[in-house]
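Shared between the two complexes below is subunit A, which pairs with subunit B and subunit C, respectively.
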Partner chain A sequence: MMFHYLLRRLFLLSFVFVALTVFAFSLGYLFPGDVLGNFTGLRNISPAEEIVLRQQLGLDQSYWQQYIYFNQRILDGNWALSFSSQQNVLDEIINVMPATLELASYALLLSLIVGIPLGIVAAVRKDKWLDKLISGFALVGYSIPIFWWALLLIMVFSLTLGWLPTSGRLSVLYEIPAHSGFMLPDILLSNVPYREEALFDAIRHLLLPSLVLATYPTTVMIRFTRESMLDVLEQNYIKTARAKGLTRLQVLYTHGLRNALLPVTRQVGLQFSTLITLAMITEVIFSWPGIGRWLIDSIYQRNFPAIQGGLLVVSSLVIAVNMFTEILHTLLNPLARKF
Partner chain B sequence: MKSSGSFAAVVLLSILSSACQPVLPTTRVHGLVYCAEGSPESFNPQLVTSGTTIDAISQHLYDRLLDIDPDSGTLIPGLAQSWQISDDGLTYRFQLRQDVKFHQTSYFSPSRVMNAEDVQFTFGRLLSVQHPFHQTATEYPYFDSVEWQQLVAKLTVTGPYEIEFTLSKPDSSFLSTLATDFAAILSAEYGAQLISNNTRADLDLLPVGTGPFLYRHYQKDVLIRYYRHPNYWRQLPAMEQLVIDIVPDNTKRIAKLLTHECDVAPIPRLAELSLLSKRDDFVIDAQTSMNVGYWAFNTRMPPFDQVKVRQALSYAINKSNILQAVYFGQAEPANSLLPPTSWAYDKNLNIQRYDPLLAKKLLAEAGYPEGFQMDIWAMPVQRLYNPNALKMAELIQADLAQIGVRAKIVSYEWNTFRRKLRLGEHDSVLIGWSADNADPDNFLRPLLSCAAAISGSNRANWCDENYDELIAKAVHTPILEERRAFYQQAQQYQAEQMPLVPIAHSKRFQVRSRNISGVRINPYGGINFTAAGKSL
Partner chain C sequence: MKKLRLYYEEHNKGPFKLLWKHFTQQHFAFFGFITLLLLLLLAVLTPFLTPHDPYLQNSQLLLVPPSWQNSGLVSYPLGTDDLGRDLMSRLMLGTSYTFGLAILAVLGSLIVGVILGALSGMSKGVKSSIFNHLLDLALTIPSLLLAIVIVAVLGPGLMNTIWAIMLALLPQFVHGVRNAIQQQLKQDYVTAYRLDGASQRQLLLFVIFPNIWEQLVLMFTMALSTAVLDIAALGFLSIGAQSPTAEWGSMIADSLDSIYLAPWTVALPGLMIFVTVLAVNLVGDGIRVAMKKRREN
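Entry: the complex of A and B
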């Protein structure tokens, strides 16, 4: 049964990927400028090279054939070169991606740690002052534009108090060899005399960006957990449990939480795309060297091969994560398995 | 679930604990951070003219045969210990130091000290098509503008540590050219290694020099990391590390200064001076700099081919207004290309007055009583010589409207802007120039000579035989008084012909944290950190 479900999901996934690659491929034609340049990222192509390249890309053949070649290049890792650096776009993405993933995962973690307990507290104390306080906070956090919020935090904590740095992942004076591209593990694995200092410094750099990035998902988590918890608390089985004589805490933990958190798992996946979008803004403000800043720089520089590659990777990632959490949700929730 | 929960707790704990910590000096690593405005275009000064690139590379990585004393502007020995000039002014013989070591890096280990072969390798590249590296670059902009290939007839190694330059005509600015940041000495041995590895392009990407710092790592738009050169022939730099942090955004650069993420930064935005001068943890260094901001007319484009039109426009703009609004009073009004500190400056030049009535009259005489329509190109970036070209363009636009000239402001992205300028598509442009050495020739030739109109630094596209003759005569004479006279004539001629309107000579400002000492701003170009120290 489960096998059929997975098969259906995979089929859907492949369909989405086809649509995505068709879109990415057509960008080569839709972008202004020379098609050959857009697909290869090469500049100043000589006439002799042009003939060879046209043959390789199959530009003299049908669009369908060109699309097949395009996919082959994507799969082989033989991506276009970036206009600005003349390096393989895929290599560049692999370079900047960990920074974004690191930031996004800390922010997501923070939002779960803060959001879920607050949501539960708000639900349990429904309509009391604590609930109103939490819900009020959630509403403010939900509505606040994050670029403004980020600048506000920078003004207070960096410029006025001087506690936290304004940009980057690590003070430039520390030289940490990159293994995974994830800063904290890299520092822990590195063998430099200033390891502790560097770790402390990296955390100081992480604080503001992850706080800013976590704000929106946290408020969503609070609201969602609260709603879902309230729903569950209305159910008959909760009343039954209370009537059986279980304490409030026992009911909440064994019957309430498990059921209330199920929809929340799904929400994590749905929030991922918002998170990536917000990460781009956060990265630009804090000069965080991740894919968001890279992509926005590429857009400013009209770096078409980079935009094409970046879009492909980011959308694939979002789709894959969505799909993954949906499958996870189905595995955990028997009710969702409508085979 | 369990393990990720405990991990989360660790992260949360560390976040909370660090938030409660008092302020700590974070960096115990001995190094200095300089926040630059942009990425370097290359790591070889031979190939560039941009001030940002020169600031980021040349004084740190390389040495020159001669140096300019920043206080007096005179030439002092560098890699050349001594030199002799023949009586006819055609041969220059240099004796080199024998104790100069090249950088030992991850990609090159020198086996010998610097000698005459390296000097020949360096300058031969600019001279001869046969040189193995001549073709790896498309142009040598600074050397092209001083017509290096025509100037230097021969380059002879006369001993292991002695080299002779033979010129085709006397040129009294030759030594100054050798002292510019562009005349960096490269390693011939490294060149040979690159040839045998067939990676010639690396000569300009992975630098090897003799300078106080050596190349460690570069990430475009992020940072350049230099280490101290342990075998530096002069006094060893105090800093073990020099990091050029690339922060193109002005506001971010100021923010980084305030949080002490930058130790030193240039500030082209004078508006921020007052903000920073209030804080006592910063020192602002000011230096009259050798630069000029100007408004050039494309003299190949009618109606700017008429002298009267150009003069009319020059009378129409209110310079004192511009100096207040754009430079915040931190610049001197310009009436010549040369700053008043130059020895060849003509003190008798009249300050161009603001006279819209005269301007209208001149326009009518030129045949445009009703005025005309024109474009003002404003450069999209901030530079010392023009901190806000768009604002300046708006002020000029308003001034021109008074005499009936309808101006449109045009701007492009910087690279496009420069490309289009080179193609001569503009009517007029607001741009400027920072000098590379103390010689007046460095202003007058690259900005207005016929050769520069071809190589592209002459934005007025002005080519005038009289002017070219004057500046040529000036470099041909070895007598200082005569040179001065020729240069003063050239300045007067330029003021008469008005191919461009000089607007201002800006001061150069730099902010540093109070605990940093020994940073020199050089009026002739790059910044030098050799003597820089940092107290914690």
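Entry: the complex of A and C
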């Protein structure tokens, strides 16, 4: 049964990927400028080269054939060149992606660690002052525009107090050889004499951006966990458990939490798309060298191959995370299984 | 005067009245509702209300602080920006850009969403399945990325990003409307109407829609807060509204250089966005709680 379910998910996944590549392919025609330039990323194409390239891309053949060639290039890693740097877009994305993933994963972790317990506390103390306080904070964090919040924090912690740096991932004083592209593991793995100082510096750089980025998902987690917990606490099996003589804590742990946290796994996947959007804005403000800033720069430079490549990679990532959390949710929750 | 009652009569309030009663009992939500009404009024009437021309540059009055500070002027209550434009007038005009356009975008998206959602909700089988999967794809593309792609195709500008926002909001409406309709289709009274010989169209218009409109309002408020934040964020990144436009997000981006000298030029537009979104969210939460209370009673 489970196998059947996974097969269907896989079919759906491939369908979504086909639609995504069709969309990305059509952008080559939709973007302003020359189709040949959009697909290859080459700037000054001589007439002799043009004939060869047209042959390679199959531009004189049907759209269907061109789409197949496009997919072959994607799979071979033979992506278009960036207009601004004349490097393979895929290589550039692989360079900037870890910075975004690192930032987003710390923010997500922070939101789970802070958001879920607060949501549970708010649900248990429903309509008491603690619940009102937590819900009020959650509503404020939910409504605050992220770029303004980031500017406020920069004004307080960087400009006025001077505690934290405003931009970048690491001070230029330290040079860390890149292994994975993730800053903290890289520093820990490196063999430089200033390892501890560099680690401390990296954490100071990381603090403000991850705090800013975590604000919105944390409030979503608080609100969602609270709602989900309240729903569960109204169920009859909770009353039964209380009637059996279990203490409140026991009921909460064995019956409440397990059922209330199930929908939260799904929510993580649904929030991932928002998280990436917010990460892009955060990166621009804190000059964080991730894919968000890279994409925003690409739009300023009208760098169409980069936008096309970024769309493919970011969307694939979001789709993959969505699919993963959904499968996880189905595995954990028997009620969600509709085989 | 109280109505004279000769005999005992059970008095039931209509569903809307009940909802309104539960809504007004929540003071914060009601306060948010009043704020929204005021903002809406401001967005419509702003051309007649602005004390100064929002785009008039006055080189004599650069970075005048708000009037509560010693060097402020009474005729410029919230001060001026780095080009000597009256900040209050610009903030008022910004209401119609950021908030007004957000409402229009969400309304447009909602109408298309209701039509598509109704089509999808009333149909079954392969057609509906393919449609849903296409929607899932659209749901996964982050809204900012979609806006970037659309701006790359159409060029930067406020109106182009509005299309992007409408497109990004659409899938959640279609999903929401579809789920609401399918929930209604399971109800007994819908079956009863069907047995009476109501056609699909009659079922939709006279039976289902009157029962799901509150959910539509709820979806509307949730999308409205997203739309306001998105318009402002795109303006801030100068992908959306361009520099002289008095859109709150782009006003913040314009004033970033003078954040040290004149913090109010950054703080006040941000505060407007925050208050607007907070009011929308208060109303949304209020409606949700009111609907829940009505169901429980």
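Please note the rule applied: the second predicted complex is superposed on the first by the 339 of 339 C-alpha atoms of A that agree within 3 Å, B and C clash if a C-alpha of one lies under 4 Å from a C-alpha of the other, contacts with A are read in each partner's own complex, and residues count from 1 in each chain.
Criterion: a contact is a pair of C-beta atoms (placed from the backbone, for glycine too) under 8 Å apart; a residue touches a chain by one contact, two chains touch by 3 or more.
In this text the structure is predicted, and so the values were computed from the model without any measurement.
Visitor: Subunit A superposed: clash or fit between subunit B and subunit C?
Guide: They fit: once the shared chain is superposed, the two partners occupy separate space.
Visitor: So, does A:D297 touch the first partner subunit B, the second partner subunit C, both, or neither?
Guide: first
Visitor: When the two structures are laid over each other on chain A, which of subunit B and subunit C touches more residues of subunit A?
Guide: Per-residue touch count on subunit A favours C.
Visitor: For A:S85, select first, second, both or neither according to whether it touches subunit B, subunit C, the two together, or no partner.
Guide: So A:S85 only meets subunit B here.
Visitor: Touching A:L36 in the superposition: subunit B (first), subunit C (second), both, neither?
Guide: So A:L36 meets neither subunit B nor subunit C here.
Visitor: Would you sort A:D201 into first (subunit B), second (subunit C), both or neither based on which partner it touches?
Guide: So A:D201 only meets subunit B here.
Visitor: A:I74 contacts which: subunit B (first), subunit C (second), both, neither?
Guide: Touch status of A:I74: no partner.
Visitor: Counting only touches as set out at the top, which of subunit B and subunit C does A:I113 meet: first, second, both, neither?
Guide: Only subunit B; A:I113 stays clear of subunit C.
Visitor: What is the contact status of A:L159 with respect to subunit B (first) and subunit C (second): first, second, both, or neither?
Guide: So A:L159 meets both subunit B and subunit C here.
Visitor: Classify the contacts of A:S315 with the two partner chains as first (subunit B alone), second (subunit C alone), both, or neither.
Guide: The second partner, subunit C, only.
Visitor: So, does A:L130 touch the first partner subunit B, the second partner subunit C, both, or neither?
Guide: In the superposition, A:L130 touches no partner, neither subunit B nor subunit C.
Visitor: Quick check on the superposed model: minimum Cα to Cα separation from subunit B to subunit C, whole Å please.
Guide: Taking the overlay as described at the top, subunit B lies 5 Å from subunit C at its nearest C-alpha.
Visitor: Both subunit B and subunit C contact which residues of subunit A?
Guide: Of subunit A, residues 159 contact subunit B in one complex and subunit C in the other.
Visitor: Which residues of subunit B touch subunit A once you look at their complex with the stated criterion?
Guide: Within the complex, subunit B contacts subunit A at residues 8, 11-12, 14-15, 18-19, 23, 26-29, 31, 33, 216-217, 220-223, 225, 241, 243, 245, 247, 252, 255-256, 258-261.
Visitor: Sort out for me which residues of subunit A touch subunit C in the complex.
Guide: It comes out as residues 12, 15-16, 19-20, 27, 30-32, 139-140, 142-148, 151-152, 155, 159, 273-274, 276-277, 280-281, 284, 295-296, 298-299, 302, 304, 307, 310-311, 314-315, 318-319, 322.
Visitor: Flag every residue of subunit A that touches subunit B in the complex, lowest number first.
Guide: So the residues of subunit A touching subunit B come out as 84-85, 106, 109-110, 112-113, 154, 158-159, 162-168, 171-175, 194, 197, 200-201, 203-204, 207, 287, 289, 297.
Visitor: Which residues of subunit C touch subunit A in their complex?
Guide: Touching subunit A from subunit C are residues 133-134, 136-137, 139-145, 148-149, 151-153, 155-156, 225, 229, 232-233, 236-237, 239, 249, 252, 256, 259-260, 263, 266-267, 270, 273-274, 277-278, 280-282, 285.
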